[in-house]
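Next, two complexes with subunit A in common: one pairs it with subunit B, the other with subunit C.
Presenting the complex of A and B:
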């Protein structure tokens, strides 16, 4: 049962461009961007127990780095996107080295400050970034929507497979041990600061990767993508989908992004609704709405099969 | 002259910063959590004052009426979102409170957008005339804001150190277990602390309203400043928070005349605080007046 679900999802995702075209395919591509962000953020928040508010900012770093490299240096898109991810990882390393020595909410505080500072600087440095108007970016693969979608899907699968691999390895065990009992883990000889830093840098790199991809799909990067509201969206997706499940968070991203398209009519209320959704989820089903629905569905299925 | 006027400005703004940060510090001290919705509490206070003032209420009365509403709002939030997880010793409580307060902030901010629109609103100020002290000119809105903040901080300190309720709050901040043994109701103190914290932020928002403008996103930059101040001074320390507030105001005030380009220097005013934060984290992570964290 456990292995079937992701396989069915993957088959559906691969077949998606044959079922939907143009608009909904584009929506799906964008939701893959959010899926990468939400699943990497949920690994950090759910499995490592680190809450960073700079995930959207790291995506912005990836996007701007890649955009500027393509525009000014003429680098090919795949290379510049990778460099963008690397730069995001470097920023993650800097912030992590500064804050991860301490326990408590220092990471959350510093990343929130950093995220604001980043948004302010890219808005102010008009000469380089065109400020709040945004920077026009060349599209990837000549704007071919189907191939862009598959690129996004490949990046998403890469993210989930890599992060799941890390979580299932020795390092993953260390991370969970640290989350449950930090002093216990460190007396067993785990260098807790080091492994926290590794997890933070890794997830920051994936955020940067997602950002670079997004830039060349949408064709425009602007300070909008690093707003606090964007971070709220990523948080809502992860919490709704379940913080302790990478796939759940990704599904949460896809569902909420799909909802966003339906809710376009009352755009203004969208983030307020999602904010309320997070508050309700945290209060009533802190493990996430999707994991709970999954358990109910399984129970229902068992009962149904049992009677048949 | 530039030096003097910048200094005067720093002192005025610093007093306002102290007011908003003391709320954050009090909440941290008693509830042991960082309220990531603090900026939005400030925004709510700003709008509340704006609405009450546009009902033609006399301004001092508007300010006075907004305080019990803000306190009630804070107590309500604590009861709904923070009490049960604390009581039931929820697993991974630390992450939960960060998520829930941040989500609350996002919710309030985006509730304000459709209700009030994205525009800047200017709330009327308590006192309009500019004040001249020799060559020094201070805006009446700033001056009255600073004076009201100063008085509020005075009342708060008196309350915390001289009344039994205030002593109860400080006892819970120091040691909740011991406090409950001597008969202090820890849960009630937590509600009260959150209510007072939100009220302080809201009053600061009302006083900021005439000086900076009121808009749904005003909270974020002030919240970041309050975080910087509280980390700078040492989390949970009243003295440290006040020093931190003036420290940040001075750094911002003099930092902004360092860059020649005026639009840039205005944009990067917020950056100085962050640089200060990074410096503190590097050199003295427990803050100027904080106690060093002891591993269990």
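Presenting the complex of A and C:
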């Protein structure tokens, strides 16, 4: 059952462009951007125990880096998106090196400060970024929606497979041990600062990758994508989907992004609705709604198969 | 015997509390030393300073020829100093076997298959073979103590700091644990044992170090310490029951 569920999802995702076109295909492509962000953030928060509020800012770094490289240097989009991910990773390395030696809320506060600093800087630097109007960016694959969708799907699969691989390796075991007991981990030989940094840089790189992809799908990057409300959305998606499940967090992102389209009439109240959703999730199913639903579905299936 | 660990004039304070005041102690290779003292005397603080969780405010700690008082805990562990905790620090949401694997995997000397083999071997030695695939949170307090000891044995450190290893352990198992520690010592391990179990301390330790209010009160063979007036006054408030 465990392997079947992701396989069914993947088949559905591959067939999606044959079932839905235009608008919903575009919504699904944007959902994949959020799915990469939510799954990588859930690895950081759920598996490593690090709360970063700079994930949207790292996506912004990837987006602006890629956009500027294509516009000013004429680099091909795939190369510029990869460079964007690398630059986000370097920022992650810098912030991580400054804060990850400390314990407690320092990372959360520093990343919150950095995130705002970055948003204000790109808003103020009008000559380079067009400020709050946003920067027009060339679309990838000449705006072909089906191919853009498949590119997003490939990047999403790459993210989940890579992060799952890390979590299943000895590094993943160390990360969970550190989350469980930092002193216990360090006195058993785990270099806690180093492994926290590895996780932070890796997830920052995937946020940057997602940002670069987003820029060339939407065709516009603006400071809006790095505001704290966006970060709140990523948090809501991860908590709703399940902080300790990469796939759960990704599905949370896809569901909430789909829901956003239905809730457009509520304008900014959508965020309040998502906030309430997070509170209810934490109260009623702290491991996430989707992992809980999965357990129920598995039980139902077992019962049904048992009777059949 | 060669000098293995030298603590020189180590001082540590927390706010207004002087936890250690100029403590100097040396430990020789192969010794089995009991570190005793009333609650709040600085025993665990000293162990935390040796294992790198605290940095001494002043003074130095040397292990062999290397000064370790500025090294991080994982660096000290890799030199061969292992420890257990007064309140067990096992990884609750990992399986018992994964808990055992972690210290060996951090060393990186063994292949994964060898690590698995060794962890199953240790699991038998600590009599937790029924619990290998369960999460460590399901273990009792005493079983967690045994698991910590098992984790220590995974990488075979030469210098062991054991903080209250008998707390919560079933009496029958406690005597087996005492025998096991003695056997480890006979096999060459240097052991510093912190415990409030006086009967165990006097039975198995060759030397006792007594702390009180962060100051070294006395240091010597158990028989001498038992009758030391300063110890009786500071720690026991009466005769020592062996």
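In this section, the second predicted complex is superposed on the first by the 308 of 308 C-alpha atoms of A that agree within 3 Å, B and C clash if a C-alpha of one lies under 4 Å from a C-alpha of the other, contacts with A are read in each partner's own complex, and residues count from 1 in each chain.
Following the convention adopted for this analysis, a contact is a pair of C-beta atoms (placed from the backbone, for glycine too) under 8 Å apart; a residue touches a chain by one contact, two chains touch by 3 or more.
Treat the numbers as computed from the prediction; the structure is a model and nothing was measured.
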{"item": "First (subunit B), second (subunit C), both or neither touched by A:174", "value": "second"}
{"item": "Partner chain(s) touched by A:164 [first = subunit B, second = subunit C, both, neither]", "value": "neither"}
{"item": "Partner chain(s) touched by A:192 [first = subunit B, second = subunit C, both, neither]", "value": "second"}
{"item": "Contacts of A:271 with subunit B and subunit C, given as first, second, both or neither", "value": "first"}
{"item": "Which of subunit B and subunit C A:108 touches, first, second, both or neither", "value": "first"}
{"item": "Which superposed partner A:183 touches (first subunit B, second subunit C, both, neither)", "value": "both"}
{"item": "First, second, both or neither for A:45, with subunit B first and subunit C second", "value": "first"}
{"item": "Touched subunit A residues, subunit B compared with subunit C", "value": "B"}
{"item": "Which of subunit B and subunit C A:130 touches, first, second, both or neither", "value": "neither"}
{"item": "Set of subunit A residues, in rising order, touched by both subunit B and subunit C", "value": "183"}
{"item": "Subunit B contact footprint on subunit A (complex, rising order)", "value": "45, 49, 51, 53, 98-99, 101-106, 108-110, 112-114, 116-117, 120-121, 123-124, 179, 183, 228-229, 232, 235-236, 239, 268-272, 274-276, 278-279, 282-283, 286"}
{"item": "Partner subunit C, residues of subunit A touching it in the complex", "value": "170, 173-174, 176-177, 180-181, 183-193"}
{"item": "In the complex, subunit B residues that touch subunit A", "value": "33-34, 36, 80-81, 90, 92, 94-96, 98-100, 102-104, 106-111, 113-114, 217, 220-221, 223-224, 227-228, 231, 263-264, 267-268, 270-271, 273-274, 277-278, 281-282, 285, 293, 295-296"}
{"item": "Subunit A partner contacts - residues on subunit C that touch it in the complex", "value": "51-53, 72-74, 76-78, 82-83, 85, 89-94, 98, 101-103, 105-107, 112, 151, 155"}
